[in-house]
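Encoded as structure tokens, the structure appears first; notes follow it.
To keep things simple, chains are lettered A, B and C as they appear, and every chain counts its residues starting from 1.
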Amino acid sequence: MKSRVIHEQNGLRTFALAFETGDEVLQEITRFAAAEGLDAAEVTGLGAFSSATLGYFDLEKKDYEEIPVGEQVEVLTLVGNVASFRGEPRPHLHAVLGRRDGTTVGGHLLEAWVRPVLELVITKSPGHLRRETDEETGLPLLTPSG
Amino acid sequence: MKSRVIHEQNGLRTFALAFETGDEVLQEITRFAAAEGLDAAEVTGLGAFSSATLGYFDLEKKDYEEIPVGEQVEVLTLVGNVASFRGEPRPHLHAVLGRRDGTTVGGHLLEAWVRPVLELVITKSPGHLRRETDEETGLPLLTPSG
Amino acid sequence: MKSRVIHEQNGLRTFALAFETGDEVLQEITRFAAAEGLDAAEVTGLGAFSSATLGYFDLEKKDYEEIPVGEQVEVLTLVGNVASFRGEPRPHLHAVLGRRDGTTVGGHLLEAWVRPVLELVITKSPGHLRRETDEETGLPLLTPSG
């Protein structure tokens, strides 16, 4: 994954990222977020994956039901944010993926392998955003007032 | 719904919003937009709904055909803007929603109930954007030159 | 297509664009990008198309397989960027489109005809982004370190 700062001013910083074949998206974003000290950032992008595992949150099981995607797909959207959870940057991303015939599959991003490229814009805000474990669901929910 | 300013400079202001179970999205955004004086803002986000009503605009009837979504779904994208219409802030949002099996359903957002969370980033620009009723369709279309 | 600057500061410039019935999206964005000198810009939007041709990149053929969309659809997301390729601004956009029944179709945007409106926010960064032809796929891939 390669990145470049395309705008910077008073704590607002915008990065363009290009991932390469074989990159795993969550690992790379987490590593990047730690290196750049992101804890209030917005993520938007597009590209293609060779495979992915998406998730649907089951409120009764309090866990993600896995949706395996075992084919080359276009990444139609990858949208989300990075906030701080237990002192570490935690990405939260949802994806819509497109198959050869244009049908789509989507969910919470659990794992995804880039091929041949994923292009993201990440905008780092100077403010802070924190996640805290929600008692009811067990999820690390955003707590903007905290 | 809780919100937090994560960046502010010379009239540009970025908010992170976290909606909670039971919040109706359009009502909350409209209330927030009025309170914050938004009339040129961009909206992007993700989360989950317990149910929603989407719309497909029928050009002949000049009205939305309703697409009811009566199950818990992931919000894969919620994308749109807020502009001024008849002196009041008016959100315009489209959603892509994901079911348990990863299949998707999407349309113009008419109504949506959050469960357990919806995370939005709203960027308020210092400029102004107005909508005006389009004679041909009856829709409040964006008029950026106006 | 009409546009308006809604924020501008130190090389960062945000435009709101409203396309009209009959506009072809890639032609209009390419023309706009050339006129405004965009070479590092982010694009996000929503609206409706009367028809479109989407693409799925076939890694073996090294070309897009076409996905024709021959009906009025909601544009649920149009997400991408503009970077410089061979000295000219080149948009790269993926779309998720919604049919009357809420089913979706998505892919790389090859051609799209607006009806009645497409609303985009384009954020121009002061930095530079370049695409270069990738030998393996033949695609003009983003090279943020270049």
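The rule is simple: contacts are C-beta pairs under 8 Å (C-beta built on N, C-alpha and C of every residue); 3 or more make two chains touch, one makes a residue touch a chain.
Predicted, not measured: the structure shown is a model, and the values here were computed from it.
Undergrad: Same or different, please, for the chain A to chain C contact, judged on whether over half of the interface numbers appear on both copies.
TA: Under half of the interface numbering overlaps between copies: different.
Undergrad: If I superpose the C-alpha trace of chain B onto chain C, what rotation angle comes out, expressed in steps of 5 degrees from 0 to 180?
TA: Roughly 120 degrees of rotation.
Undergrad: What whole-number Å value describes the gap between the mean CA coordinates of chain A and chain C?
TA: Distance between chain centres, rounded to whole Å: 21 Å.
Undergrad: Among the residues of chain B, pick out those that touch two or more other chains and give their numbers.
TA: 9, 44, 77, 79, 96, 104
Undergrad: Which chain B residues qualify as touching chain C in the complex?
TA: Listed in rising order, the residues are 9-12, 40, 42, 44, 54, 56-59, 65, 67, 69, 77, 79-81, 92-96, 104-108, 125-129, 134, 136-137, 139, 141-145.
Undergrad: Residue numbers of chain B touching chain A in their complex, please.
TA: 2-7, 9, 14, 16-18, 44-46, 48, 72, 74-77, 79, 96, 98-104, 115-117, 119, 121
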